[in-house]
Each structure stands twice: as structure tokens, then as C-alpha cells.
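Labels run A, B, C, D and E following the written order; every chain starts at residue 1.
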Amino acid sequence: MSQQYPALLIIVPLLSALLISITGWINKRLCFPIAVAALAVSAYSCIGLLLRVVDEGVIVYRLGGWDPPMGIAYYVDHLNALVLVVVSVVALINLIGSKKSIELEMPGKTAPFYALYVLQVTGLLGVVVTGDAFNLYVLLEITALSGYAMLAMGDDRAPLSTLNYLYIGTIGACFYLLGVGYLYIVTGSLNMVDIANILPPLYESKAVLAAFIICLVGVWLKMAFFPLHAWLPNAYTHAPSAASSLIAPLVTKVMIYVMIRLILTVFTPEFTFNILAISEPIVWLAVVAIFMGAILALAERNLKKMLTYIIVAEVGYMVGGAWLGNRLGMTGAILHIVNDALMTLCAFMVVSNVAYKLKGYAFDDLKGLFRKMPFTMGAFVVAALSMIGVPPTCGFFSKWYLISGAIQSGQYAFMVALLFSSLVNVVLFFRVIEICFYEPFSDHHGHGHDHHAEPMAEAPVSMLVPLYVVAGGLILVGIYTSDIVNYVIEFAIPKSIL
Amino acid sequence: MVWQLDLAILTLVVITAVGSLMVKDLLGAAILFGAYSFMMCALWSIMGAVDVAFTEASVGAGVSTVLFVAAVLRTSRRTRD
Amino acid sequence: MKIIGLIIAILTGVLLLSATADFPIFGDPDSPASTHLSPYYIEKTMEDTSVPNIVTAVLADYRGYDTMYETAVIFTAGLACFIILRIFVREEPGDRLYRHVLTGVTVRVKEGAKLPPSDDFERIDTMWTPPDLIIKTVCRLLIPFIQLFGLYVIAHGHHSPGGGFQGGVILGASIILLAISTDLRTAVQRMREKVDAILCPVGVIIYAGTGALCILFGFNFLDYSALAPLLHVDPITARSHGILIVEIGVGIAVMCTMIWIYNILSSGGKYDEGL
Amino acid sequence: MGDLLQIIVAKYNYWIYITLMMIGLYAMIGKNNLVKKIVGMSIFQTAIILFYVSIGVKKGATIPILEHGHGEHGHSAAALIVHAVDYVNPLPHVLMLTAIVVGVATLGVALALAIKVHNRFNTLEEDEILAQIREK
Amino acid sequence: METITSIKPLLAVLVSLLVTPLLVSSRTPNVREAWTFVAAIAKFLIVLSMLPTILKGTEIVYTVAEFLPGAAIKFRVDSFGMLFALVSSSLWIITTVYSIGYMRGLKEHSQTRYFCFFAIALSATIGVAFSANLLTLYLFYEILSLATYPLVCHHQDHEARSSGRKYLLYIVGTSIGLALPAMLISYNLAGTLEFGNQGFLAGTASKPLIGLLLFMFIFGFAKAAIMPFHSWLPAAMVAPTPVSALLHAVAVVKVGVFSVVRVLTGVFGTDLLLSFDLGSIILVVCSFTILVGSLIALSQDGLKRMLAFSTIAQLSYIVLGIGLLSPKGLTGGMLHIAMHAFGKITLFFCAGAIFVATGKKNISEMIGIGRRMPITMGAFFIGALSITGLPPCGGFWSKWYLLLGSLEANQMAIVVVLLLSSFLNACYFMPIVYKAFFCKPEDSLFENKVREAPVCCVVPLVITAVISIVFLFYPEPFLELATMTVSRIMGVQI
């Protein structure tokens, strides 16, 4: 059966999403177990696949039994195996953790929500695993459509911000499609590896350049890279907790994966870094993204919205790291995909726990939260440390690689931006922690004023356990960074990048 | 393929596209959009893409227009731009 | 905003235009697109799948995986419309209108009162206008033929333009036509929401399940030649049959989704009174 | 001048597709009405489909359906000789079938969202909606 | 250098970390404090059990996880780390006793949180002491910064909030803004972060870059409170006194100084600093801090604030000793870590005991208090002597070595600075003692009968005072560890 892992990891969630939407009309209680089982099988297959890839190297899976350039094929290498594991595990944990919150926020529509949730995961996994440029587009659209639907389930303003996301997302996807068309017109192929083989004599062609730029812009639109980020904060802020804690960690990261895949496989590093020579302006753009994300986050007085701006800054990290054009930077970017997915998941799960109990996450609502929800806040601290980049949490190590890469390539501005963003994160998170740490002040202050403390109102255990699994994961991934880098990422980056 | 016909349809396509964006009546825009889709469909069948043309005729000119009409009737019909 | 839009549009246009200079001439038979992959499809399709319509063969077999997701996209859209718009409201209190089918007499039933169960009366909308007789009659006449044509398009996709999508859309359009020419209630009576919403994923399941079945036979996903022992035919014909099966799945899914989306949109999510 | 004209004639499909795409893109960004934006989105998507279909065109070739009379079954067809130059490139058609369907799916979701927005704000004009949000 | 691999350093770090769940789940305060005791004593015993090995000249190494070549999470127990670990682990036991008395005496809230973070902070301190490379050191340094935040802000009022902000801004801001990039640049230059006897930066970079790195490191570890990054320390005095005592006289500030010393010796190496003549920069910065810190201390009325400024000045002694780059100076600097710790903790304990007993915080309110609290003020006197560097206290040794070191290095100006500073120390300590014992208390100051603080508060300060005196006669373990370190670094026998 292990031969079929690449197919199983997609098919099982897809079929179960369909099954969920059928059972939703018959017996709503069955939906959740089906979803969990499907994602568990998927995660199991992903991990199995990663282990196989580490053992055997690249795995090619021919769908429909057709040879690659004719049919669609998966090329599972170290890079996408790693991202697959991240996506499936994050989705599984979040699903388990947000059952209560889904039931609270969407009474009556849980079944279609679970179906869309699983479809979204299917789409993301498909985007990551596929080796065909056009297939990627179709899966991107599944991801996008299910994402729109889930995001629109939030509060009053959610439909409007989702509609804006839809416009931008569609432009992004269409740009990508257009880029693929440009590649197709000059190469005649849609298979990524095949395109890469045909491209070298065409590197001078303007069409290839245009294809590259238009694909890149499309992907940037979808990942909310700085000047194109306007849709993200509102769309994520007004979304229901379960949706935002799935989409926020994964969608931007998967888009970064797509960008790295374009750089590494389709256009090859040779073309991207040596022939184009546009790395420097893009790294500068990333610097601006980091600065702006940090500054915009500072201006927010709402926990969830603040986190969304941090995502914008983190996207800057990864784009910048990938475009440094050296091994360290690329390692940092790939490692940060893993780390940032976990960090963001942890932070957003905290937000959904808070929303479950408080019905609001403006800063003023958070006073005395450490007493009310000590366990949730404990996890929040871990997430905050990781975002700041304090060892041994994983955020430190990816930042380490990114900064090392910046030093190696002499992009000191990027280093400064990373450090600046770390400092701003300190301010951001400790501002929140401070607000949560102090009780609402009374007039007389002094010692021993625990008599008017509010009673503890912690989120249910079913939300806390997954949260702590993630928080523990942040530290574990940090400790095992060297293994991830040495056994996986090292092989994910072609030898031509030094 | 007669290039004059091709050119004429291409021009019509652009005109209907601009028209559907210009009219102040959303219902009119929906119908013009249907016309646009149908022109496209004609264009593609000239180009030999019969399957695509068929799909566009049923999906683009058919269902899409109906969906537009349904949405416009459910919301408001007038617009300022 | 308009100026920004204009600038962005022009910038994109200039970028794309500048690249067209390196394109092959329009319609050039020696362009890379026409010489790299497509000759294989054109020349080998018959051999590999015995389907004369190359588009169908590529769509449902060589790139069948794409098409499966395409169907899933449609299904996702239906689900999305459902979750976004669908409102489950209790019947609003107030008078209801019924029409006696045979005589056309409209009956107003006071709040709380009930009509005896009978097939002679049908519920009508509050803003109900009697459908035009000509339109109604013509549509009644047309709809069976439209449906027949839809089935033909699905079944004959191997040999002529068409296939699951087109056929599915036509089938769906027939029901939509019914909803437009009479009213939504009539259409929903023909196709209940629950049936519709269940058939929708069933269509996709037919597709994905066929693919998964191939795994059970020890072949790769969507490798229809695996079905040969099941269908008692040779592998190449099995591919042809496999294509037909998945096209049927696509047809069902697309038909149901189109109806579903239309009903939800036109009723504003309440699924009771249409346009 | 003659060269230029030749280039224009040789690639006018591309020119039109770019024009349409610009119109669509402009409408998506610049238009104020949400449904107009959706119309723009559909035009944008169709423009791209036009581009793809244009790629597949082959001068002097026919539609990609093999002619009948060569035998209905694969075995006998194995002997059949088909010349690739006789048929237009089917691959872009396949891709665009998918793209059309994706387009209508997006359209449906977008319209559903627009109706939802209209239910909430009672208007489809973006500036009016933003003004309502700011007022609160 | 002989090395053996043993898990003991990791155990020493983890023992107080692992006890925190037990603390949280304890039913009653007694159980909780019993666990704290168990952990403290276990930690001390583990550290002590490594002492003979270290004194034999063997190092203990344990690698937890290798993250990059040359940058692992790795422990290495050497003589210098041992010195620091001994000081902090032994003082934890004493402080625990004191904390119990103090916290119960004042009926503080959230005591469980207090003890938990105290334990975590101690883990981090030992981690810093035993770290084998810059990465591990940085890791525990940051953990310490964050673990002490809830302790500093324990009172959760407006003052605590603003102080906490300042604390974090200075400590975390500098470590991320300066120390982290300096560490990364060093790694990129040398390809390793492993502390070496003669550093690892030698021969990798030009003088300006080395100078820049030096600045980034010295100021990056702002816990060392070298001016101008010192003002968090007085602000952090809002914390409960045991916290101030252990963390701000021992753990936190000493971790800062320890890190600076480690970096100077283990990253740059004395030879490199000598050859680039960078020692004098350190000397100037430190002398400035010493004099200004002492002068400000003179003008303070709040007892704890005064002690804070005194600490700022005394910390720079240690860095100054290293900056002399002479064997005796180094010995003096390292020895001062231990001597100052015991002296200063005595003073803080006294301040806390006074507060528990009388509720007074300001020096001007303590006139005549010595008659009511003779034991406390007696201990205060001993502590003051030790800090000033006068016999019969241990502080004499470190000052003595520092003086010898500056003579050895031919730095006459430093000799003057040291003597002047000692004079200033005497100036701000002695009047307190004098007034406490020999002036008559104003009646309005103490309405009712003032007694000594609870036993739990008094016993620890007596112990530390006695230890301070014992050090004059028996400085062996610390002196020997310091000289061992110096001979390893400088290659000379003292």
C-alpha cells in the first residue's frame, strides 16, 4: 500500500469530503469523525511518504498510468514531502481543536463546513504534491473556493472582505494561469520537470521572462506579499475561528512553497538568480514588507488583526529568504514554512480559544486573561516566543538561517529588517501579554489584591490538548531543527545553489 | 478560417465587453455579458475548439447569464457606474 | 481607485504585449505547442483509448486527474453557495396562497388554518403572477427534448463534441428553465434540495471512486485499464468505458450543482420563492 | 510599416486577448459596483481562455475529432495513420474546459457573496458600503 | 584538557525546571515549598558532586542536540562555570528560606507563580553557567530574561507595569538587537560558536569589525548593566525583595556579567584583545560606570534603589577585571562574582527584612533602627564591609586582586578609580549603619514595638553574612576555581 501513499493522501480526504456532505443530510454527528479519520489517514500517508522520500529519494507517481509529459504525474521530493507533512498535520490538529468552536459559531451548518474544511485540505495537499503546472491551478481554485466559503461564515463584515479576497485571489490565480500559458506557448509542455528541461535555450526569450514575472505576481497576490497584501487582514480577521486558524497558517505558506517550486524546479535557480538578476530588488521589497507588516501590526488594537499583519511580515521573511539566492537563505525560507505554519497555528488556536470564551479579541477585552485562561495563555506565550525568535522555540532557528543567509549574501538591510521585526514582535506580544497579565486596575493598588479576581474560565479540554500539542511541537521542531535540515531540506535544495 | 469574419467577431467581442461594463442597468450588463460569451463561443468554434465553444455556449452564455440575472434581481438593478 | 486600476491594467498589458513579440506566429503548425505534446495525443489517442474525440480522451483519461478536480471545484462552488447564502427559516407566519390546479382559483388560507391534504392544490408565491400560457407550454414541450439532448451529449461525448460537462449543464439548464418558466416551487418539486445536494457529491464520488477502484486492482489511481477484468473487456476498451463512467459522474455532479446554485441564488438562500 | 502590419495581423488574436484582459482587470480594480466587478472578473477569465485557445490554433487543421470510418475499436485503429498536422492542438481545449468550469464556479460563489453583502448593507456600491462601515 | 561526558550538567539544569509541574499541582503551600527545597538542594548537590572532578582539571561535557556544526545545544562544565554555578545554586537554597518568610510575612498573592518562575530562572542561570557555546548561552540568557519578567512585575500594579516594560525593553531589546546579530556575524566569520581558551575570532576579521562586535556583545548583554544600558536595574527594584536579592544581586546581573566575561575570554580571547588593544576601551567604559554608579548611589534615599546603583558599579568591577587582561586582574574579576554575590545578597535580605518588619523602604526612615533590629543591621554592616572591600570580609580578596592586577597591567588610573570607588562605597554605606545604631529614633517613625523579622527572614541573612566573613579566611574553592580558569586562559600559573 505504501506505493499508493501519494494517491491516498489526496483521495481519502476528497472522498471523505464528499461523504461528509452526504452524511450531513442524514446524520450530522457522523461528519466530524469522518473528517478526523480522513485527515488522520492523510497525515499518516504524508509521514509515510516523507520517510520513503528520505530513504529512496524522489518518488514519481503517474496518475492514470500515463508517462509524465503526457499524463499528470506527482514528483514527490524532499521539499514537497516536508510541506505535505506540515499541511496535513496542521490541518488535523486544528480540526480536532476547533470542533467546539465550529459548533458554537456555525450551528446548523457544521456538516458543509467540515466538508469544505476537508476540501480545502485536499486542495492544499494537491497543490503541494502535484508536478503539473496546470493541475496546480485547478487545485489552487479548490483551495480558494473552499477558503472563500469558510471565511465568509464569520461576522457581519466577513462577506465583504471575503468578496474582496475573491477578486484578488481570482486575479492571482488567473495571472498564474496566464504565466503557465506563456510557458506553454514557448515550450509546449505543462509538466514542471519537462518545462525545466526545455527552457534553457529559451532563457533569453521575453515570453519566458513575462511568464516568470506574471506567475510570480500571481503567487504574490495569493500569498499577500507586501504591496499586494491589502485583502488579507480583513479577510482573516472577520472569519470564523476555525477557518482562520486553518487558512492563516497554511494558505500563505503553501503559496510560498509554490513560489519556491517555481524558482527551484520550473525556472531553475540558474535562470532565477543568475540570468534575471532581480534578486536584489525583491529582497528590498521583502525588507519593505517586513517593515510595513511590523508597523501596521503596531497600530492595531485587536489581537486577531495584529496577528494577520504579522503574517504579512512573515511572508516578507520567506520571500526575502528564498530570494537571497544562497543555500542558507533558501534553507531558512523552507524551514520557516514549517515553523511559521506551526507558530501561526498556535497563535490562531489561542485566538479561537479566546473567542470561544470571550466573544471578542480587542485588546480591552483581554484584561486579566492570564487568570481567566491560564493554560491558553501559556500556549500563547510559547507562540509569542517563537514569533519573536527565542531559542529553543523553532522560530529562532529559521531566523538564524535567514539572517546567516543575509550576511552571506551581503544583504544587510534584510538582516536589519529581520531584527527589527523581532524587536517589534517583542513589543507586540508583550503588549498583549502585559494586558492579559494585569487585572483591570482598581483605584487602590498594592499587595495581595486577589480578592476581586475573576474566576477561571478555561476553554474546554478538547481545545486545550491540541493547542498544547502544537505548543510542544514548536519546541520539539526547534530542538530537532538539525535533523530536519540535514535529512530533508539539505536534499530539497538543488546542488547548484551554494 | 475567414480572417475578415474572425476580425469582425473579435471587434464585436470587445464592444460587448466594454458595453457590459458601461451600461448603468445591471440587468442589461448581464444580457450584454451573455452576448459577449456567445461571441466568444462563435470565435472559438471558428478556431476549431468545438468542445470549448460548446461548453462556453452552455456555461458562459447560458448558466452564467442566468446566474447573473438571478443575482441582479435579488439585489439591486441600478448602478452609478 | 480608477486611476490605479488603469495604471495596473496598462502595466500588465504592456508587459504581456512586449512578450508577444517572441511568440510563434498565430496558427503556426511548427510552434512548440503544436509539436511537443499534442502530436502524441492526436496520433495515439485511438490506439490508447479508442476514443475518436481527442479532447474527451485527454480530458477524461490523460488528464483525468485535472478533470476530477474540476468536478470537485464545481461541487465546492455549490457547497460554498449553500453555506454562504442558505438560510433555514421557519415558515413566516401569515396567510398562504394556494391555487387550485384544475380551475386556477387562488385560495388564501388564514394563518394557522390548514388545507386538507390533496393534490389538487399547489402552494404559490406571495408575488405570484400566472405564468404566460405560451411560454409555459413551449417550455413544457421543450424540456424533455432538452433533457434528451443532454443525455445524448453525455453519452456521445466519445464521438462528437460534448461530454459530461456540457451534458450536465444542459440537463441542469432544463430544470432551471422549468424554474424560470413556472416558479421555483414547481422545479423544487421535481428535484428536492436533499436529493439534489446528495446527488451532487455522488457524481464526484462516481468519478473519484472509479479512480480509487483502480487502486484496489493494484493499478495507479485513475488507470482505467485496471477495470478490464471487471468489465470483461480488453484494457483499451476498458479505458473507453472508464471514460464513459466518469463522464456520467461529471454529468450528474454538474447538473445538480447548477440547479443547486441557481435555486439558492434566485431565492436568496431561502429556497422557497424564486425570481 | 509592412512588417508591423504583418506582426499585427499575425498576432491580432493576442492583441485582442490582451485588450480584453486589460478591460477585465481594470473593471475588477476600478469599478465601484460589486456586480460590475464580477462581470469584469468573468471577462478577465474569458480573455485568458481566448489566449489559450489561440495557442492551439493550427493553420490548415481541422477540429480534434478523429474522422470515422477507421473502425470503432482500438485494435484496428492501431494500424490507422493519423497525421498530427491535420488536427488542431487538443491540449489547450482540454485545459480551457476546466478553466471555464472553474470560472463559472467562481462566478457562483462571487454572486452568492454579493447577495450576502447586499443583504447586510442594502447596496452594491463599494463606496457606500465603506461609508456605512466608517459611520459605525 | 581532559574531558568526560556526563549527563550531570543537564540534570543540574533540568532539576528545577522539572519541579515546576509539581509546584503547580501542589495542594498546600507547605507541599509546594517542600518541593522547592528538594529541588534547590538537589541542584546544589548535583553541582557540588561535579566540583571534585573540575578541581582535578577535568571538564564535563554533554551535548543535547547538534543544530549546526559548531553551534549545538551543549553543556561544558569548566572551572569558571563551576564557580558561578556554585554561587547561584547555593544561594538559591538560602533565598528559598528567605522567600518563604518574606512572602508569607507579607501575605503576597500568586505565590505559586512566584515559586515556579523562580525555579525556571534558576534553571536558566545554571544553563548559562554550563553552556559550552554562545548559542546555548544565548538560549538560556533569553529564557532567564523572560522567566524573570513575571517576578519583576509580581505586584501587577501601575508601577510594576512600567518597570516591567522598561526591563523587557532593555534586556530583550539589546539581546535581540545587538547580541544576536553579533553572534550571527561571529558565526559567519569563524564557522563555530564553541568557546575556546583563546576565543575563536582570532585572525578572522579586521580591527574595526572586532571592535564593533566587542561593543555589540558588551552592550548586548544588558543584564551586565554597563552604562548606558543600566537603568532597567533600578526600575526592576519594584519586585519583591527576595527577587531583587537573588535575581538582581546574583542571578540576572551576574548572568549578564558572566556572559560578558565568557564572551571576552571565550569568543575574543585575551590575546586578540591585547593585540588590538581593545582592553582599554573596556576599562574606560567600566570606570565610567563604576564612578557614576557610585555617585548616583550616594544620592539615593530608597534603600533598594541605592543598592541597585551600588550593584551597577560593582558589576563593572568584574568586567573591569577582565579588561585589565592581566592574570591577577582576571582572577580578581572572577572572584568578585562570588564575593559580591554573598555581600550584596546579605544587604538585600536586610532591606527586605526591614520592610517586612517595619514597612519602611527609605534610608531616611531607618534612623535608629539598629537598636530594634540588631541582628539585621549587624549583618547589614558585614555586607557593607564586604562590598566596600574591607577586611574581615571576603570582598577584600577580590578588590585586592583587582588592585594587584591593575598594577600588573600598569594602569595607574584604574588603581585610582578603584580606590576612589571604594571610598565612595564607604560613603554611602557607613552613614546608614552609623545612623541605625547610634542615632535616636524619632518616635513618630515607629509607632509600636518593632521586632526582628520572622525567623525565616533572619536566618538566611545571618548565614550569608557569616559566609562573607568565612571567605576572608577560606576563599579556597572560589579562588582556586578562578586561578584555574586564569591559568587555562592565559597559560600562566599564579
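Just so we're on the same page, a contact is a pair of C-beta atoms (placed from the backbone, for glycine too) under 8 Å apart; a residue touches a chain by one contact, two chains touch by 3 or more.
Quick caveat, the model's predicted, so the values are computed rather than measured.
Chemist: Looking at the contacts, which chains touch chain A and chain B alike?
Modeler: Chains in contact with chain A as well as chain B: C, D.
Chemist: Touching both chain B and chain D, which chains are there?
Modeler: C
Chemist: Would you mind telling me which chain pair, A-C or A-D, is linked by more contacting C-beta pairs?
Modeler: Of A-C and A-D, more C-beta pairs in contact link A-C.
Chemist: Where the centre means the average of the CA atoms, what chain is farthest from chain E?
Modeler: For chain E, the chain whose C-alpha mean is farthest off is B.
Chemist: Just how far, in Å, is the C-alpha centre of chain C from the one of chain A?
Modeler: The answer is 32 Å.
Chemist: Using Cα averages as centroids, what's the distance between chain A and chain D in whole Å?
Modeler: 29
Chemist: Between chain C and chain D, what distance separates the C-alpha centroids? Give it in angstrom.
Modeler: 18
Chemist: What are the residues of chain D that contact at least two other chains?
Modeler: 12-13, 19, 21, 23, 25, 27-28, 31-32, 54-59, 61, 63-65, 91-93, 95, 97-98, 101-102, 104-106, 108-109, 111, 113-116, in rising order.
Chemist: Of all the residues in chain B, which ones touch at least 2 other chains?
Modeler: 1, 50-51, 55, 59, 63, 67, 70-71, 74
Chemist: Residues of chain A that contact two or more other chains, please.
Modeler: 134, 138, 141, 145, 148-149, 152, 159, 178, 184-185, 190
Chemist: Once the touch criterion is applied, which pairs of chains come out as touching?
Modeler: The set of touching chain pairs is A-C, A-D, A-E, B-C, B-D, C-D.
Chemist: Give the list of chain A residues in touch with chain D in this complex.
Modeler: Interface residues on the chain A side: 134, 138, 141, 144-145, 148-149, 152, 156-157, 159-160, 162-163, 166-167, 170-171, 174, 177-178, 181, 184-185, 190.
Chemist: If you look only at chain B, which of its residues touch chain D in the complex?
Modeler: Per the stated touch rule, the residues are 1, 3, 7, 10, 13-14, 17-18, 20-21, 26, 29-30, 33, 36-37, 40, 43-44, 47-52, 55-56, 59-60, 63-64, 67-68, 70-72, 74-76, 79-81.
Chemist: Hey, which residues of chain C end up touching chain D in the complex?
Modeler: So the residues of chain C in touch with chain D come to 1-6, 8-10, 12-13, 16-17, 20-21, 23, 25-29, 31, 33-35, 37-39, 41-43, 45-50, 52-55, 58-59, 63, 66-67, 70, 73-74, 76-78, 80-81, 84-85, 159-161, 165, 234, 236-237, 240, 254, 261, 264-265, 268-269.
Chemist: Where on chain D is chain A touching in the complex?
Modeler: Interface residues on the chain D side: 21, 25, 28, 34, 37, 41, 44-45, 48, 51-52, 55, 91-92, 95, 98-99, 102, 105-106, 109-110, 113-114, 116-117, 120-121, 129, 133.
Chemist: Which residues, counting only chain A, touch chain E once they are in their complex?
Modeler: Listed in rising order, the residues are 385, 388-392, 397, 400, 403-404, 407-408, 415, 419, 422-423, 426, 430, 434, 437-439, 441, 445-450, 479-482.
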